[in-house]
Each structure stands twice: as structure tokens, then as C-alpha cells.
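What follows is a pair of complexes built around chain A, which joins chain B in one and chain C in the other.
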Partner chain A sequence: MNGPSIQKPEIEFTDNIRDRNRYGRLWVYIFRFSTIIGIIALATLLFNIINQSSGYVVYEAKGDPAALTLDGVPIEEQTKDQLMRVLSSHLSKGAYSKLDRTKPFAERSRNDVYDLVVERIVKYEVVDSWLLWDSLTRKDEITAAVEEEYPEALLRFDVWINSDFLRRPQSSNPVIAGVRTAVLGSLWTIGITILFAFPLGVMAAIYLTEYAGDSWANRIIQTNINNLAGVPSIIYGILGLAIFVRALEPLTSGTLFGVTDPTSANGRTILSAGLTLGLLVLPLIIINAQEAIRAVPNSLRHAGYGLGATKWQTVWSHVLPNAIPGILTGTILAISRAIGETAPLVVIGASTVIYFDPEGPFSKFTTLPIQIYQWTSRPQDEFRFLAAAAILVLLALLLTLNAVAVLLRNRYSRRY
Partner chain B sequence: MTHTIEKIKTQRIKVSEKLVYVLETKKLNIYYDDFRAISEVNMKIERNKVTAIIGPSGCGKSTLLRSFNRMNELVQGSRISGEVLFHGQNLYAPDVDPVEVRHRIGMVFQKPNPFPKSIYENIAWGARVHGFKGNMDELVEYSLRQAALWEEVKDILDHSGLALSGGQQQRLCIARALAVQPEVILMDEPASALDPISTLHIEDLIRELSNHYTILIVTHNMQQAARVSDFTAFFNMNGDRSGYLVEYDNTNQLFTMPKNKLTEDYITGRFG
Partner chain C sequence: MEQIALGYPKSRNGLKRRFRVGENAILALLFISGVFSIFTTIGIVYELGKEALLFFRTPNVDLWSFLSGTQWQPHIDKFGILPLFTSTLITSLFAMLIAAPLGMGAAIYLSEYASEKVRGFLKPILEILAGIPTIVYGYFALTFMTPLLRTIFGRDVVEIYNTASAGLVMGILILPMIASMAEDALSAVPNALREAAYGLGGTKLEVALKVVVPAAISGIAAAFIVGISRAIGETMIVAVAAGAGPNFTFNPFKGAETMTGHIVRISGGDLSYDSIDYNSIFAIGLMLFFVTLTLNLISQQVVRRFREVYE
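What follows is the complex of A and B.
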């Protein structure tokens, strides 16, 4: 076939090494430029958030803290009993017993009572505040201005994101408002999302990759799953509203299980939210898990079958263990997306303002992104600072999740 | 299911005493969708002998080999016509479970493919899958000794099977196949990814194993076929690239006095 008889055609090349190199360098510049734009955008975002999350704040007390000194002890150093005496002597009897009814004083810690004294009697209010950048660069100017304008006031450098902020529940007073309610709401919701979507998603992925043949029905299912992953999240909210909040109300409100929580909000519960987000991430988890399962080399499957193992034995002992790092990373990335979702939860009716921690799947809830959204829409500057602080908490949560994903990938990654 | 297993087992005991042929194909055709990769193959495989399958690339050697333990079913669109008999029982009969077939007819692949688990676990897994109840340590040692690997790995049984050299990995795969006590072992170019020394190791091993097992080996290496096999089957492709059996004889005969001109050309390297 390829004997010596073939004729060599005329072959000529142009001398274009310089051009080719120049062309290549041009592309490198373009790539570098794109990267730099990305980094600038990211840096601006971070700067903006951090700038708002701490700075000088001027407080003015409505009541006089010095007047609350008891037995010569200022309120900052008083014990719980002393604080309770201050509280009862300055509040009306009705207001005091109402506090006791919402949560008995015996169950409140010293710091809770102190917060109550500050909130109800001293009534610190923010009268002015500055961003971090201004606080650092114009420190003297700010101190001078405050001394002149508010001689009575307290000027303090506040880091809005601090342990109190994480510890305290939501409040209408920015000075004592915290993010605990929202963090707990997010964790509960995500917990339910994982419990719902992870097993379902992985099992569906196993079925679709290992068992389902190449029929047209299966191909339609596959295409639909791929498309579902791109459906806007608000549509999942509408779906969740129809299914979980309305149709399955007895289940999601907990009445089916005899839960009659007076504060529960019909079907607008953590359970509904978790399931809605579960629907949202289900296609993502399926696709990622399928990807991971497909990446397991066929030679391993053949080795299993060749020994006379059943399909299930082969999948369980060889395919899954080798796919699990990929499945977990994919799941965590999907969950990260769910944590940041706001729109579908607004649609199914997350409460924007609640002051009590969620107690279970049938509680009303708010989540971090909704809390952030609610705070940013308040007119007072301070709430925007709180929002910035809450964004940092959310980012920290997401970074932690991603770090876990990386750790898992490194810990379990295998070679074949 | 158990019915099928019993059937094969009882037939083995009954038939293997009488017959020397373990496997037999009758008018076997193998298709990939509309393409016929193997046409009209009739051959009998003798018990406890090594049978080599040789032929030009693409003539369907691997395809034929995989049809002996129904591994070809894993390929989408593949199907067969005709019969493959194992102790007289058609392996493709509707009531035969491919899982049971692969238990009785093991396979060693071209590229060593140990599980990414410990050496011990590589051997033990297959046995456990079949509900092995005896002493696992003994079985692991026995299988590794049969595969002439024990001395090299006895102190590192907990190491990953992937940490071994290519030749050791292939012997591990052979040991793994032996551990489930098959009767027949199919080997698809088991030494093609190995260096000459490892290849000789594997060849010695195959000769040794043929005392207890029926072995079918696909190889491109003429000397290897001549060295290890008792019988050799030469396949060629016809006009529409479909593989057919040209000549099948005892190895000595086929290599020294081939009856067919094509065989002679192939083994002397004047082919094509």
C-alpha cells in the first residue's frame, strides 16, 4: 500500500515564527487584562463591605446611665440581681411582668438582663457614624466635630461584626441587633436541604449513569435535568409556594405531627424553605454526581464484573468509593449556592423580621441573605453597617464550606 | 437464578468427567450494531490446556474472547447469534445469569487494573462477593502463591495494589481472578504492557496454571503463542472486515506445518 512508489509532493513552509510568537503574546496580554479586571472587581467588593463593617459611632443615651448606679456600682459591673432591681424600678409593673412572661428571668443570663437594661432604660441611640476609611484617615477631625456637636455623647470605634453581633437575636434597635436568628435559620434550612437533596440526588445520579440505558426516554430525562439546573431560582420559589406551602401545608406546618406552635406560620416554615432549596439544588447535585461517577474508569467496573460481581456490588464497592470525593465537592458547591439564595425564600414567605430563634423544622424563619436584604432596605445608616457585617458572616460561612470541599478532595482523591 | 447455577454445576460434574472440551462455539456471529465483527466461528476449547488466539489487529480476537464470559454484553449495541456452550450448556440461554458465567469463567485484561485498594483487599473482595466463608488469610496467600506473587508481597499486603510494578500488578490481577475459583481464565494480551522479564514471568505462570485451569489467551506475539499454548487458532478478516477462523490446530502443527497459505504468511511475517 505504502510502497516506495509514491511521489513526494512539493512542500514549502512560510517563515512566520516571529508573527506566531507575537500573536501568542497578544493573547497573553488579553488574558492578563481579564484577570486583573476580575481581581479589581473582587477587591472593590471586599473593600466596600469591610469599609462598612467597622468605624466610629456616636451614641447618645436617652436615659442617664450614671443615674442607674446601685450601691455605688455602675451598671456595667452590676450582678444579675442588681440589674433586675434596676429594671423593675424603672419599668412599669406591666412591662416588667410581660418580659418575664416572654422568657422567665430565671432563664435569662446576666448579660441578657444587662442588654435589657441598656435597651429599655439607658436607650443608647446612634446619632452619627463613619465608615472605616474615614475613621482611620480623619480621626482628629471626627473627634473634634463630635466634641463640639454632641458634648454629652459617647464616641466609640465599633467593629460591627463581633461576638455580640453573632450572639444576639434580631432587634429593631441597630445597637443591639444581632445575626443569630438568621444564622440559625440558614443552618436549619440548609440542613434540611442537604438531608433532602443529597441522598435523592446521588441515588438519581447512580441510576442515570449506571443503570439507565440509552433509550430516548432516558435521554429526555437527562436533557431536562440539565435544563432544570439553569432555571431561574425564583421559579423554584413559585413551585415551592404551590407545593410545600399550599398543597402540603399539613405536612410542612407540622399539624400532621401534632405540632401546634402558635408562632408557626402555616406552611411558611423552615421545612418548606429547606425543601424548596432542595428542589433548587437537586439538578446541580445530580449533574455533579453523574460527572464524578462517569470519571471512574471503566476498567474498574470491568474488573468487578469479570470476577462475577453483580452490578450493584461493583457500583457499591468500586464506583461509589472512587466517585465520592467528586460527589461531595459537587454537593458542597451546590449547597453554597443554596445558602446564598434569597428570591425563592422571599416567594415562599420567609419572615423578614422575627426576634426568636427557630426551634425546629416547623418554625417561622429568616435566613442570612434575607436578613441582609432587609437591613439594607432600612433608611438608617447603622443597618447598612449591620448588613455589611452580616455579609461578612455569610462569606465566612461560604468560605468554610469551600474549604471543606477542598479538604475532602485532597483527602480522598485517588489515582487509578 | 439458583436453578441456573445448579444446572451449570451439576452439568460440570457430570460432563467434565466424560468430555475433554470445556467450551464450544457453534456458528457464532458477533455484531456491533449492524457490523459483524466475528462470523461463523466453530471451535472447541480443550480442558486444562492453553489455547492461543492470534490474528491481525482488528480481526475480532478480543471480541471473541469477551463473548466467552458475556463481557461483550457491557458494550452498547453488541449482540450475538449462534451458541457458546460451556459443558454443553448454552451460556446465552435466557435462563443463564451472566454473573454466574463470569464467576466460572474469569478474565484478565490487557492493561493491569487492580482495584485502588490494598493488595489483600484486591484478592479478598471477589471471594467475599461470592459469599466465601472459609479462612480469608489462607485464600489470599494461596491465590498469591498460585500467581507467583506471594514472596514479593507477603510483607506489604496492606499496601495499595497500585503501588506495585506493572508486571506485579498483572500477576495480582491473575491472583484476583484465581481467588474466586474459576474453571476457565480468559486473558486478553496479558503481557502486552509489560517488559520482557515480566512477560516471561507471566508466561511461566500460564504454563503452570494450565495444570488446573483452562486458559484462553489472545496474543500478538508469535513466539509467545508458540511458547505457552497447546492449541492455536488463527483468525483473519474477510472483505467486509469481519473476522473468521482460518486455521485451528495444535500449536506445534500450526507453527511448523500450517495447512493454510494465509496462516503460513502470517506466522512467517509475510502477511498483508
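What follows is the complex of A and C.
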């Protein structure tokens, strides 16, 4: 009874840890949710594109394909000569010889001529179409509806991305349009971008990491590169328009080299596009290459100097061989950014309609993203489907490039 | 050229450094490559400035009416940038509404909560999301987001081309960028701080929000600013989904052209040199360049000035 009396603490101690933990758990869900949004977005985006890239399509022919049967052979099975006879008998003489002038028939393949027959005489037109999801889940409804509404028409399940799509050039008719011109244009442009930006970027990175001291001039160069990496891509487009397309027109249009281009691209050529994209990715390549070069341990350099090698000999035979996998990885990542770039090329004047393959750096050009942009901006559904198919081609290209980059990194990365 | 000499041992003990022609030629080549990027910047500023000056010299155009005019109608000589600027602001605002909280949440989750395995799965997904070309996002905005908004809010309210749809999709594009930059900042906070906070009885959430986030606030702020700069310069999403034609409106469900969208549309056709349209895109470009450059410089300053340095 007389034991030491326990003094009550003046501040009431409340056990609130349970509430705090509950509160904490609630927030974990919020954090996790915001991360998962990214996955949902990616999944939705892919689903949306795949959904539009195939499905049922109803075609109606303006001309009657059955009437074109020659010697009892339907047009699908005719030879090139037969197809040419069909073509000449159904087209006006002027139209026929115009086709021959743009590209002689002797040079065209059988499939080219077949495409011409379909385009000029049969004239299939899309009258109705469904998305992939609907085509799979409501197949019966669709067939019934088509039989009722368009009894004459041809209902076909079309996968818009197929070998024909990859092989055919662009066309204003969605039924026979393809991406060959655009893919070739992209490859040409990227080729020039690499030739221009890769050596320049690597040399700049070598200078900045190996040679440049900590002077104010070098700090300005470094800050400048970091800032250039953040300049919106469209600004590079404007720069390219002013410099490559306009000021350097004799060079970029090829007149300086005696190239007389009948398409008269006026400097809006593959060369201008490649150089513009080169300027765009140059800072990225420099920054990535610098990181790769910095990762080479100093002991290697010292070993080189110790053996009496000069600065450049050390860089060339010790530093670069060890940094090259990292440099290549960084370059590939920068290049994949350039492949997807659209805005600067629109600004420097990518041609929207080209039906023939680019023949060299002085041709007019179109690229895959430009083609997607152009198809997307059209109101008809068919062009949206084509755009979806072209997007799949573009994504496949980028995925391949990135896979190569990851492989390079895993295969050749060394730890010291 | 002090820095050049650094690589060589200074001549001492009467030993003379040999002049090597090859070495110096290579050095000169490397130096020119290093300086090349300066030329790019000079080129940008010079060309944008020159043509923009021509633009402001034309009659009926002056700087004040350019900055404060609410009408952009080249055919009646009205060049007020506000309609283009407000729609740029609206799309960027929508983008940040999505990207800032979600990117922040994702960064905290990845850095503080996720196990090594989960992070190894989630980070590549975010990287893929960041690597998808913006034209694909434009397509996504037009064929998915816009129909979705139209079903939710009604077809009379939401136009086919609208700034909200473009802004929301832009948010998805910027989200991984903010998440990855903010995560880097959070991961750089030393563990000792976390352990100290646990030792004082903090729960995981309290440690994350009251200790780690404040410690990394400079990096997070920089991530947000770079995100805004990216949103302002973003082009293809707005060119596809936000509509053509300048429109002075604050209604996000109406179509309105942004600064970047306008440049793309005007230059998409065959643009004749020295026309007022040609000069005007340089003026808009100059404004775009300065806004994004300022934001980028601010973000670098924020990192430098307010970074907490730990041992």
C-alpha cells in the first residue's frame, strides 16, 4: 500500500501505431496502382493497335472481275502478257502509255501488273470493315449483316500487315497500298544519320572525356551538349529546313555533284533528312559514348602510358576497344529514337506521296513514321488500319534494334 | 591550350617533348568534333533569330501584338500567339496532371517498396513505354483516348479533335520519364537516413514521405521541370489529336492547335521561302526554344543548388 507511487506521465501515451500502419498499407496500394497504370497503358496501346490491324472487310468491285476473264482464265491466274492485254484493252491509249513511261512494262513484274489491273480496272473498294475483336466475337452477326446489305460484295478476313503490305509501294488506294517505299526511305535516312552522327559523336566524346581538361571552354561545350539533348525535336526540323534544305540546297539536292534529279526535290531530300536527324541524335550519342568511355578503368590507361604509348595510341588500342560495346549500345538507342522521329521530317518537307523507291541520297523521301502520320490524318477507316499495320512494322523494327542493343550489352560488357 | 598539354608529361630534366604531327592532327580533329555541337546551338539561335527578326519587321506585326494578341489569322494579318500558347498550356497541364502524381507514385514504389524481382520486371516495361515513337501515341490518342472521352462525356461535349485527349496521352508518354528520373533521385538517398528514421519508430510510409522524398526533392523537382519542358515541345501527339486551326479557348474538349502543332501543319504543305508563314514558324520556334531552354536550365540549377550532398 505504501509502495512507490507510480507517477502518471503528463502526456497521455496513445497507441496509434495500428492506424499509422493501416494508413501506410493504403498508400502502398496507391503507389502500386500508379506503377501498374504504366503496364495497363502499354497493354491498351498494343491491344488498340493490333485490334485495328486485322478484321473483316467488305469489298465491292466497281468493275466486274468476271468480265476480265481472258481465254477462260480468271485474272488471278493470268500471266503477265495476258494481264497486259487486259490492261491495254480497258484503258485509254494515253493512260496506258503514261504507265509505260513512268516505269516500262518490261521492268514490271507480273504482280505489279496484276496490282495495276486491280487498281485501274477492277477497282475494289472497301465499303465496310470491322475491328479484330468484333470480327472474332461477332462473326455470325457480321456475315449475316453483310449478306443482307451487300449481296454482291466480297467479305474477307484481312490481316492488314502481310507480305504484300511489306512488298508494295505506297498507293492512294488502301486496298493495294504498302510500306515498301516508306521502309526503304527510313533505312536510307537512318544510314545517312549513322554515317554522319556516329563518327562525329564518338570523336567528340573522346575529346571531352580523354583530352579536355576542366577549363571554362570545355565546361561550356559539356553544358551545351546537355542542353541540346533537351531541345524539342521540332526545333531541329526548323534548323534543318533553314540550313540543309535552303542554305545548302546545291549540296543536298545533288546539283553540286552533277545530279539532275527529275523529281526536283529542291533540297528536300534523303540527305537533308539524314543530316537533320544526325544533328538531333548527336548529343545523345555523345552523352552515351562519354559514359561508356568513362567506365573504362584508369588502370588500363596507365598501363598504356607505362609501356610508352602516346595519348592517342592509348586511346585507340586500350580505351576504345573496351568502350566500344557501350558506345554501340548507346548509339543504337539513339538511332532508334531517330527512326521513330516524325516532327522534324515533316518540317523539312518529307513528301507525303511517293510511289517509287528512293534511289539515292538525292531522292525525295518519305519514312515509316511520316507514312503513319499521313495515314492517321485521313478520315477513312481503311487508312487507320493501314496506319496500325505500319505501326506494327515500326515497332518490330525498334524491338529488333533494342534486342540487339541488349544482346551487345550482355555479351560484351566486362566488369573490372 | 593548357588542356592539350595535360596528356603529356611536362618536359623536365632537360628532356624535350617531341612534337608529334599525327597526335596533334588527331587532337585537332577531335577538338573540332567536340566544338561541333556549339555550331549547332549557334545555328539554331542564328537561324531562328534571323527569320524571326524578318517576321517582326513585316508591317502589321510587332512584338507586343505577337505576345498579347488573341487571334492567329495569317490571312487577315493577325499574329497573336496566345491561342497557340494557351492550347500548349492546356495539353501540358493535362499531361502533368497524369504524369506528375503517377510518375511520383511509381518512383516511390520502385525505389522504396518493390523487391528486386518486381523492379526487374517493371522497369523494362516503363522503358519500353518511353521508347515508343510519339506518332504511335498520337495514333493512340486519336483512335482510343478520344472515343473513350466521347463515350464518357458525350459526343456533343467532346469534339473529335480535342486538347484533353492529346494531353492525357502525352501524360502516359511523360510518366515513365518522370518515374525514372525521380527514382534515380530517391535511390541516391543513402540508406543511413532511412535506418535512422526507422530507428525513431517511423513506419515505412513515414520514412518514404517524410525523410526520403524531402532528401531527394531537388532531383524530383528537376524531373517535373524536364517533364513540363518535354510536354511543351511534344509535337506529333498534338499534331494528330489536338486539332488543326488556332482556337483561343480554355475548353479542353474543343480542338485547338498548339505551337508545335501549328509549325507542323504550316510546314507540311510546300512552304515558299520568305513568305510570312515561313517566317512565322521561326518566330514560334524561337519562343518554343527559349521556353524549353529556360526550363531545362532551371532544372539543372535546381539540381545543383538544392542537392543534399551525402558522404
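In this text, the second predicted complex is superposed on the first by the 381 of 416 C-alpha atoms of A that agree within 3 Å, B and C clash if a C-alpha of one lies under 4 Å from a C-alpha of the other, contacts with A are read in each partner's own complex, and residues count from 1 in each chain.
Criterion: a contact is a pair of C-beta atoms (placed from the backbone, for glycine too) under 8 Å apart; a residue touches a chain by one contact, two chains touch by 3 or more.
Everything numeric here is computed off the predicted structure, so don't read it as measured data.
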| item | value |
| --- | --- |
| Chain B versus chain C as contact partner of A:310, first or second or both or neither | both |
| Chain B versus chain C as contact partner of A:50, first or second or both or neither | neither |
| Which superposed partner A:251 touches (first chain B, second chain C, both, neither) | neither |
| First, second, both or neither for A:302, with chain B first and chain C second | first |
| Chain B versus chain C as contact partner of A:322, first or second or both or neither | first |
| Chain B or chain C, by number of chain A residues touched | C |
| Shared chain A surface residues [contacts with chain B and with chain C] | 213-214, 310 |
| List of chain C residues in touch with chain A within their complex | 2-4, 6-8, 20, 22-23, 26-27, 29-31, 33-38, 40-41, 43-44, 47-48, 51, 101-106, 108-110, 113-114, 122, 125-126, 128-129, 131-140, 142-144, 172, 175-176, 179, 203-206, 209, 226, 229-230, 232-236, 239-240, 260, 263-264, 267-268, 270-271, 273, 281-282, 285, 288-289, 292-293, 296-297, 300 |
| Chain B-facing residues of chain A, complex | 213-214, 297, 299-303, 305-310, 313, 317-318, 322, 414-416 |
| Interfacial residue positions of chain A with respect to chain C in the complex | 17, 20-21, 23-24, 27-28, 30-35, 37-39, 41-42, 44-45, 48-49, 52, 199-201, 203-204, 206-208, 210-215, 218, 220-221, 223-228, 230-235, 237-239, 241-243, 246, 279, 282-283, 286, 310-312, 336-337, 339-343, 346-349, 352, 369, 372-373, 376-377, 384, 387-388, 391, 394-395, 398, 402 |
| Contact footprint of chain A on chain B as seen in their complex | 69, 71, 74, 76, 99-104, 106-107, 109, 111, 113-116, 125-126, 129-130, 162, 173, 176-177, 180 |
